[in-house]
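One structure below.
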């Protein structure tokens, strides 16, 4: 057996061909999950009955498998007349699924902002929305840059689940090559390295943002 | 800049507030005439901050009323917003927005609340930063300033909205001795311009110099209210005597 | 088969899910502690090495790691059991995430805590054990609960190394039943009964911790 | 050292990898025993030699060959098709089943699909197939455009997609389709009959061994020839509903199928 | 409890420290005789905290030497540990361990560093908690105490190790006026027992009452060192005059 470098290189174009899909899904899902998660967190903070309902929803999402979400969105919704494309379902599924985790992360980030910040904001007459946009969100991001990076990497690594929707992403392509040739080491190594590079790129990007956000706090 | 209406009196009557079962403000009656300067002091936990915060609409209350320039504050959101616009608040711990520059700290409300253009807002902000004597710090971030400078920015930020009433909650207690002087100087000069001020502080020198009235609170009540010379000379209430002894030791 | 029967059938995979999760924790917890602390304390070359190891486990695709450790290592003579490989790969992956929480928890502690310990003449290791870690771990416990849930759900990948966990049981039943909606509903419920209690546990923990602190509830 | 064959004969037990796919090789939910076409074949072939026990390892399709190569099992008995590339990695036993392509459609075959030509011709038809399957390659060779093909990781996803209307036809292998429709649980779908295929597209399934276990493969081939001769093979085929279309011509050998590969 | 050695003098000579290119401490020479009480004051950023922290081994330094009771501190870890054991430090922000009770805060070092039994350690801790007049708070957590109480716990915690030298870094600046009094009272009573003390503070009343010497620092140098009556009466250095003017305004 052994590792055949030239065969490994020959698999690169095919696997790399799917990097666009993988990146597209990962990036939009990151934004989607962050958006939905932030919305959840805001609703939960508004308290009352809807706050409890949202809290249950967040726990429910966290407690259920992503595969089930993808399955329902793709195979079951059409029975109710809602037919979304595979990419849409993939992005939506990952966004919803990770929004549960991100809502928790946002919670920690907001809890760490001193209460005086929102009070000062109200004292100068800013509306609730303006307070969220201009005061809370930027400071929250600064507090949670590191765990946010954790979840962005998680989202990237969850893209192979889209195989169940027949979306051709990188890991799927690698497995296709492998099952054609029964040579697993080479394509999987290539896909593994590509995933690792993308994940490291995300970590680095998040670290950059973190440093920039922290910049204003340093002397 | 907006015109300051001359007859901006604050009228508090029968104010009562509970935190759960804890009665934190008890039957507070207080009239602050336009242009007057009142200092509030009293032991820790006596309700000084709570009173100030009620006036600024940061707290709800369960009984009594607060009127600003004749307009009664309801729990009606619109009126509360208006009230906040007419009062400026300076916190003990500054509460500057750490992610914004000094200038943006001052212009944010002007632009978002009063919908001014950036130019206009910055002109106003710089005017007040000059007034507190730190226009050269406009481009820095709060963390790059000393405590005294930060508190002066907080004052400028509050002044930008041309409040009719300025509320100070122990504005110097987080500061170094030298910086206390800086901030008090700014407050003295505001006072000399006729700004209406309500100030929680234990800086008795400041109280002597600028206050029309000193109010002493204890356990949620206004226990004594007097001219500073009278208050410092011979407080009539035992608790006030004891308190003054300690802080003037 | 009724949905209930399917659900019971899926729960037959619970022992594998639980075993892998349990042993996975044996890898995840020490890894998170040791490497999180190491990343906090180390400098220079050691820090770089520690960071590389963490990034490897955190950023690599789990499927590929499972593959390599189960199917490639025997080729060079190292034959690990399926449970060992699963627990190790999933545990160290989650441990990689959790190590970031440990580090962030330590870094966000007030510097004065360490200095007060030094001023009392405590050694560096005692300061770490008696003062810094207890506070950091408590502060970060909601995050750890998130990662615990993620570990449970990550066990869905172990069918790749011949273990029959709950997800694979669902696929087995799907073979016979061809009742996808029922099967995926049951799968969702199966994970829910396992993960939801963990989420609730997290909430209780959080409530206990935050009762001692003043939070930004003024929003 | 002891070869795999010697060990199997000594222990009376062979470890096989399956990926739980009816009818190829799956775990019987009631007994927990391995069952299916290839396990039955192995049992019949080896039981006479005292190898009574089939120790099954159930895993994902993609892990079958790596597991074999890593020594995690002795044979893969899960319907692998012989191709020249694959012959470079594993050693196939004698082909035991012919695997023509077959199609599943919604009951009544609303799109009237009777071959790849029909699929290729109608632009509104979307076809489903297993990813990495030979079927997918056959379809492309027959002119089905790639953008009208969805490749799902398993049969269930294909069936779900068909029912959800995401595909109009799922093309699978004929034994799979027979197994799928045999237990009567798959309501609302049917086999598209007839489904025209070109004969040289058919695959042949076999049991796979490691390349170094030539002696084991030889032993198995001998036994398989015996089963063919005494009619046992035909009996097992009947059990699974396979008939003439699935029978392997006598002239067909693994060597031929591997071509340059072996 | 260990015996206090009577001749515990602190000797600092030629101390120099840089933060990168910033020269924080410049040629500091200072002798603290056993039993003497020294107050350090000076503007913000002048290096007061840094000096105190060097004596406690919390900071390294690049030139000069510090000797405690004749033993020179090296950057040798063992010596630093010993030095720390002989000095007690009280921080401005208390730095109590929030996850431990008051009692455990006090016993931690006794048990871990001096390897005492729980009984023995608790006896000592209670002794000092009595000394700072809060033995009844022993079972509470720091967050349940007022600021003044917290700072008194911090003092008790430092005293438990029977330090030969107590270092205070602005121990009252985070406190309310009434609580300042509490803590200063404890410090005055320590001073009257003959404890050697080095204290950064701007409480001039305290300095007048207990200090043998007042040291004024500016820009990393000791600019003036004098008896309190002389220092407050007629500081010789211009910077000190200006500073005193501001804080005694």
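For clarity, chains are labelled A, B, C, D and E in written order, and residue numbers in each chain start from 1.
FYI, contacts are C-beta pairs under 8 Å (C-beta built on N, C-alpha and C of every residue); 3 or more make two chains touch, one makes a residue touch a chain.
The chain list, named the UniProt way, goes like this: A, C = Amino acid ABC transporter permease.
Bear in mind that the values here come from a model prediction, so they are computed numbers and not experimental data.
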(request) Determine the shortest chain-contact distance, in steps, between subunit A and subunit E. (result) 2
(request) Report back the single chain whose CA centre is most distant from the CA centre of subunit E. (result) D
(message) Which two chains have the greatest number of C-beta pairs in contact?
(response) A-C
(request) List the centre-to-centre spacing of subunit C and subunit E in whole Å, with centres computed as mean CA coordinates. (result) 45
(request) Let me have the rounded angstrom distance from the C-alpha centre of subunit C over to the C-alpha centre of subunit D, please. (result) 38
(message) Nearest whole angstrom, what separates the Cα centre of subunit A from the Cα centre of subunit C?
(response) 18
(request) Would you pick out the residues of subunit A that each touch at least 2 other chains? (result) 1, 71, 75-76, 114, 117, 119, 122, 184
(request) At least two other chains touched by the same residue of subunit C: list those residues. (result) 67, 71-72, 75, 180
(message) So which chains actually touch one another? I want all the pairs, not just one.
(response) A-B, A-C, A-D, B-E, C-D, C-E
(message) Touching residues of subunit B toward subunit A in the complex: what are they?
(response) 56-58, 81, 84-85, 87-89, 91, 93, 95-100, 108-109, 112-113, 141, 143-144, 157-158, 161
(request) Could you please specify the touching residues of subunit B with respect to subunit E in the complex? (result) 43-44, 146-147, 173, 176-179, 181, 202, 205, 243, 246-247, 249
(request) Could you please specify the touching residues of subunit A with respect to subunit D in the complex? (result) 1, 71, 74-76, 78-79, 83, 86, 163-164, 166, 168, 172, 175-176, 178-184
(message) Touching residues of subunit C toward subunit E in the complex: what are they?
(response) 110, 112-113, 115-116, 118-123, 126, 130-131, 134-135, 138, 212
(request) Report the residues of subunit D in contact with subunit C in the complex, numbered from low to high. (result) 17, 20-22, 26-27, 29, 57-60, 62-63, 66-67, 69-72, 154, 156, 159-160, 180, 183, 185-186
